[in-house]
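All chains are identified by letter, namely A, B, C, D and E, in their written order; residue positions are counted from 1 within each chain.
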Amino acid sequence: MFYREAGDFKTSYQEDNQTFPIRFDRYRYYAVLAVGFLVIPFLINDYWANAILLPFLIYAIAAIGLNILTGYCGQVSLGTGGFMAVGAYACYKLMTAMPEVSMFIHVILAGGVTALVGVLFGLPSLRIKGFYLAVATLAAQFFLVWLFNRVPWFYNYSASGQISAPERDVFGILITGPNTQAWATYLFCLIFLTGSAIIARNLTRGKLGRTWMAIRDMDIAAEIIGVNPLRAKLSAFAASSFFVGISGALFFSVYLGAVEVGEAFGINKSFLVLFMVIIGGLGSIFGSFAGAAFLVLLPVALKVVGVDWLGWPTDIVAHLQLIIVGALIVAFLIVEPHGLAQLWRVAKEKLRLWPFPH
Amino acid sequence: MLDIAAGTETQVETLLEVNNIEVIYNHVILVLKGVSLNVPKGGITALLGGNGAGKTTTLKAVSNLLHSERGEVTKGSIVYRGKRVQDLDPAELVKMGVIQVMEGRHCFEHLTVEENLLTGAYTRGDGKAEIQRDLDLVYTYFPRLKERRRSQAGYTSGGEQQMVAMGRALMSRPETILLDEPSMGLAPQLVEEIFGIVKDLNEQEGVSFLLAEQNTNVALRFAHYGYILESGRVVMDGPAADLRENPDVKEFYLGMSEEGRKSFRDVRSYRRRKRWLS
Amino acid sequence: MPEQLLFAIEVTLNGLMAGVLYALVALGFVLIYKASGIFNYAQGVMALFAAMTLVGIMQGQVPFSHLINAVFGTEVHHFGWHVPGVVAILLTVGVMVVLAWMVQQFVMRHLVNQEPIILFMATIGLAYFLEGLSDLMWGSEIKKLDVGLPQGLNAWIDETTFNLFGYGFFIDNLDIVATIIAALLVAALVAFSQYTKQGRAMRAVADDHQAALSVGISLNFIWVLVWSVAGFVALVAGIMWGTKSGVQFSLSLIALKALPVLMLGGFTSIPGAIVGGLIIGVGEKLFEFALGPALGGATENWFAYVLALLFLVFRPQGLFGEKIIERV
Amino acid sequence: DLVFPSLDYRTGPYAANGIPVADAYADYFEMINARDGGIGGVPARVLPCETGYNTEKGVECYEATKSEGSLVYQPYSTGITYQLIPKATADDIPIHSMGYGRTSAKNGKVFSHVFNYPANYWDGASIAIKHILDLNGGDINGKKVALVYHNSAYGKEPIRTLEDLAKKHGYELTLLPVDHPGQEQKSQWLQIRREKPDYVLMWGWGVMNQVAIQEAANIRYPMENFIGIWWSGSENDVLPVGEGAHGYKALALTSPGSDFKVYEDLKKYVYDAGKAAGNGDQMGTVLYNRGLYAAVLAAEAARIAQEIHGTPDITPGMMRDGMEALDITAERLAELGFEGFATPFKVSCENHGGNGMGAVQQWDAQAKTWTLVTDFIVSDADIIDPLIAEDSAAYAAENSIEERCN
Amino acid sequence: MLDGSDGYVTEDGRKIGAVVMEMKNITLRFGGVVAIENISFDIREGEIRAIIGPNGAGKSSMLNVISGFYIPQEGEVWFHGAKRPPMKPFEVARQGIARTFQNIALFEGMSVLDNVMTGRLTHMTAGIPAQALWKGRAEAEEVANREVAEKIIDFLEIQHIRKTPVARLPYGLKKRVELARALAAEPRLLLLDEPMAGMNVEEKEDMCRFILDVNDEFGTTIALIEHDMGVVMDLSDRVVVMDYGKKIGDGTPDEVRSNQEVIDAYLGVSHD
């Protein structure tokens, strides 16, 4: 009734390979894009931009990145925080070394640097598997954080060891620094998110995506039918780190503006992004969005309800928040282990059959 | 329906009764659309049908393993010895004497063959000596297992794993065994042996069997009663001897036609089509 | 003996002792992994929760007093009694068993047969939950834990070694106690998992939930059992670390010190946890001793991981872990 | 009303330290409202926001509270402070980072909206060395000083100063970083046991403090030679160690204890009225007093701002002016009920960092109290001022800031 | 019938060519277990070669040796007249050897179509940038390979489940999808490990038809392991019989069937 695909026929394989083969979905996608690009920038204020939208957009990019590695290629990584730090520090070094270059280029280059580092730390994945690998990626996490903390070159020998983003622009519009406009930073991140999502989608629906999924589902069989596991895994590490690096660069330069590596890119960050990916749905780009939105909004929502509406003491609310987030994560996994994306899929399937139960 | 074991004309008690059950996976996929069947005490009941007919699902519904596959019985009832067992824990069902040998072996990879067998005796409380006796019994059934008793089950061959799974079930001294495709992947000699064991257990120890099989030929040779399942429904049932003589069964499940057995090389020139399908 | 060598020996000895402390935490991980294939991230928080509960009981704190006071406007904080250590430990063990039961009832039961990563995530959810709960229940201030364990320089060793080498070794009494307890614990746990029916069932569950169910192993029982034992191990670790550094939030972070130990020893091996702990302990201390100054120090955090990683490249299942079965 | 946001951390790894500070801030303004009806007749409103010591939550708190007319931010976290410096400057809202944050913010010519009076980390380093000098009759040539520090931006702050001071006074400095969170410090303390430095300084935070003090006790290091920064010198750090902590020293920004007149008012108007924040069990602790001091300085600045601008309803911008014109005299302190609590200082356009004075306090494990064992000591401006000029100049260059106050 | 290296003609008139693969004195041990002991045999162009033997005889291990997954302690593998150097399994696959597995090894997280497309991976070459933008080579290649995959899907009559996740399929269909995946690689040598286990007669006949058609239409050489003697005897041109690592027979179905050693070790009483 509400959701039909009948009568929506495809006459070529190109059409069948589209991201949104169902017309209804396609229109909805265009509508969301239009709202994101044309409506929200006019409504946005500092609070929405800095407290909700920017973190959402940036975490969504990181989640897409991790989803490629964990959701598509099956390599659980707990080094996301470390890789985000690489993106941030690369961006910082580029920004300060080449002030006149556009931020766009810096952010993309930062992604590229992170991809290289990612490949390096991906090398052991050829031998180490499963949770052993997950724990092994913590080596990247701790080592990178230590390195950025330890070597003054990375923070330009500043006395405090922190890095702060100087003012930089794109086509004359300020993107970093204190004097930015909410809409500008928002749009900048949105462009990166949209680009990341499209690229990630393209990568995952074609040859590379299948290579990754084959490795994820059964690596031995994949190798026997002709997948080079080293290349598959390393390309996943590279692609994943690229996006994670971009998100780290944005996280530092556009969102926070100043970071200290241990605090901003500590192990908690790794877990947070992993949560997003799993709650959203492993192996789903949409899931990365959903997971990021959920984990950015939930604490804020709980805080608004607890502190602003109910007027409870902030610490009790904060403890309850932990309890609720924890319980919700477990509840979600129980209801739908494959995440919000799967929940959405099942809902659609039900709608399609509606009003018949099966 | 007849609650009669083939060959004997005496009325026997129904052990397991499945009444018109429906099973749905993942809340949306309807797999069993009303399946009813009876397993008499001391009988071997075969459940036949093509791929995806729902044999495995039926067995899992009985042994309550559906939950862990995100499936549920939405309609109908399953009664064992007069007791509704749908809401029981699988472990309790094993204690009641119902054990399933799962399709696709499912050995404990990291345990040795012998440890695998011993887990089968988990629910038993009758002492080491008894368990040891049964272990020896299993080894006499499957001498190959004795040779490989110290290897990790994960490294044994497909057929050896099948033996482990079977032996493990026997170790629980069951009253009813749900056997899912026991012959799959076994050498012909071994298939005979396994069914021989089934027959032995049935006749000597009075163990009842519910047997899902693709190898109709063998299954109908050993079973007393058979049900044929197609797309989640029982389409035919009757004493095994009758089924064996049924022309449709002969044609589609036994591969015999009027002219006798066809060579597999000839398949390119003909194709069986079920009368009741298209 | 040359001084440098004496120091190196002292550092090694202390590394061994530190390793035992890591191993105590790692043991809890191993138990649960062995029994259900679950990588239980909440193990660290369980240690925190156990230690907090122990202190709370000993001091007669009213649980959730802060919440109660905020909601009802009351002013309750203490029952006004003090419970002796041994009794409090027993009561805490009881609480950990209840916790295990709840975990089984509300979490694990519903996640039978799911992929390992899903179960792993569930334990992270659990960690958040417990973290919030411990603070809400017992307050977030730093608490002193004193169940009467000795602490500080062991004078006897100091004197003896001084007489022998002219340099007294520093060994902490608490570390010695920890070593003894760890040894007992490991012996008991190995015996349990290798030679009992429950131990075997536990390993079966880890391999295949469905098959375990099908042979009549009650997952629920096994899980309550294992989580209780893991809870007990967490309590032991919590007592040791709590005595050392006070009972407070950071106690949950000791999990991070246990992970490389786990990798190195193998996720499935109880003795592996100890051996891994010793290697990591000595390795990181010696590395810091030898190269730390040159690299600017504070290398311990990452060095443990890198060391474990290097080991894994040669033995992907860790030193004593079960071989990862790769077959088609 | 006058809005004072309070970025608390009553949860997370440093909750134990965040609670007393937050309690004090809330209690003081509660008392001002009850006793004086607010500041200049306008009631003060404390707006708590929980950060959990987490930078992102700090940003969220800032954004959520700034539109309510928040007058001054006290982040109590170096990370959040760094975040807010450019943002708040752009939004024309002042920041007060008391004894933490960016040290070179002392230079008001570059940092128009950031204040870090009365003292900063570099002052702290210098004060500690001065104390050691005093103990040694002014000569510490050839002595060994070790610094045990949290391996983060915060912990590394004093290194430059200590190195420069080492050149000046001829002591030998050993650096011993401890990685977060700092539960395992065996290597560091074995090294201390071996090298027997004459003094050990500590820039620690959270659990690292207790473990360090415990380890020092374990190796029987003479506690009176072990001196922590003011973030390593609260009851939380020494109580868990018990007897072993006896004699441990730490720097102090204010006097410890509750022997001040203001406590009478607090008791009367807040505690006894059942309005105490939190559990109401933190009075007189080191960190509670620090929170009180922060609150009184904020309230004073607000009052001065009202005077300068002639309006009781001040904006954050006016508040900034008030802070820049802050003049804390001994008389004023006494008037406010804080006699002997801290030292007088005066803020100016150039100097946002106060007088750079601190004292040394020592822990008595039997009585479970801290007591000041020195007068307030002033830091060595010769060493620190050039460092501040250098760092703030770099910041000004990086962000193309023009110097003010000319 | 075996006459020199030039092949032979089968009863039904197919021409069998030269030796494509030759196993020479292969020995494979796992610790104490000798899975394969000094076995030699060959496979000829265009023939259907069966390997039979009791459970645990080492048949699957032999296929694994051919795929390069197990490396034998002794012996040589000759492929197209040359000794094969040590190779990774994926390199072997790229030489045109595809296979199915005894314990179905499909990619459970993917749809049937995607699984079949993974079989085409060895034929796809687009670079990462092209794929990221979904332009040029990437898209054209995708469509071209999709056509091949669709042909195979049609051929194996699994169109109706094209978009179904394989995890949901019943056993028999999974086996068919696995065959589709192997065929998608357009192999010259196809290894099938018990392709008909767990099927009823009707389905076995379908499977046989596919195997014969593949062999006929594409001239693919096939080596298969099977326990259903009916199938083996009817389908295969030559049969190798293994028993606990040793070769106990090699020849035409009729020869093997009447070999006493084979009857004792494997067939038991004849019953077909």
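By definition in this document, a contact is a pair of C-beta atoms (placed from the backbone, for glycine too) under 8 Å apart; a residue touches a chain by one contact, two chains touch by 3 or more.
A quick map from chain label to UniProt name: A, C = Branched-chain amino acid ABC transporter permease; B, E = ABC transporter ATP-binding protein.
These numbers come from a predicted model, not from an experiment.
Asker: Taking contact as defined at the start, I'd like the list of chains shared as neighbours by chain A and chain E.
Answerer: B, C
Asker: Between chain B and chain D, how many steps is the shortest route if every step has to go to a touching chain?
Answerer: The fewest touching-chain steps linking chain B to chain D number 2.
Asker: State, to the nearest whole Å, the distance from the C-alpha centre of chain B to the C-alpha centre of chain E.
Answerer: Centres of chain B and chain E (C-alpha means) sit 29 Å apart.
Asker: Where the centres are mean C-alpha positions, what is the separation of chain D from chain E, in Å?
Answerer: Computed value for the inter-centroid distance: 74 Å.
Asker: Can you check how far apart chain A and chain B are, centre to centre, with Cα atoms defining each centre and the answer in Å?
Answerer: About 48 Å separates the centre of chain A from that of chain B.
Asker: Could you please state the distance in Å, as a whole number, between where the Cα atoms of chain B are centred and where those of chain C are centred?
Answerer: About 45 Å, centre to centre.
Asker: Check each residue of chain B and list the ones that touch at least two other chains.
Answerer: Touching at least two other chains: 29, 155.
Asker: Tell me, which residues of chain C touch at least two other chains?
Answerer: 66, 135, 140, 296, 298, 301, 327-328
Asker: What positions in chain A touch 2 or more of the other chains?
Answerer: If we look for residues of chain A contacting two or more partner chains, we find 146, 220-221, 224, 313, 315, 319, 322.
Asker: Just spell out which pairs of chains touch, all of them.
Answerer: The list of touching pairs comes to A-B, A-C, A-D, A-E, B-C, B-E, C-D, C-E.
Asker: For the complex, which residues does chain A have touching chain E?
Answerer: For this pair, the touching residues of chain A are 12-14, 17, 199, 202-203, 205-208, 210-211, 213-214, 216-218, 220-229, 235, 239, 283.
Asker: Enumerate the contact residues on chain A facing chain D in the complex.
Answerer: It is residues 46-47, 50-51, 55, 96, 146, 149, 158-162, 164, 166-167, 177-179, 255-260, 262-264, 266, 299-300, 303, 307, 313-315, 317-319, 322 of chain A that touch chain D.
Asker: Would you tell me which residues of chain C are touching chain B in their complex?
Answerer: 112-113, 197, 200-201, 203-204, 206-221, 268, 322-323, 325, 327
Asker: Could you list, by residue number, the parts of chain B that touch chain C in their complex?
Answerer: For this pair, the touching residues of chain B are 63, 65, 67-69, 89-95, 99-102, 106-111, 115-116, 118-120, 122-123, 152, 154-155, 168-169, 172.
Asker: List the residues on chain B that touch chain A in their complex, please.
Answerer: 24, 26-30
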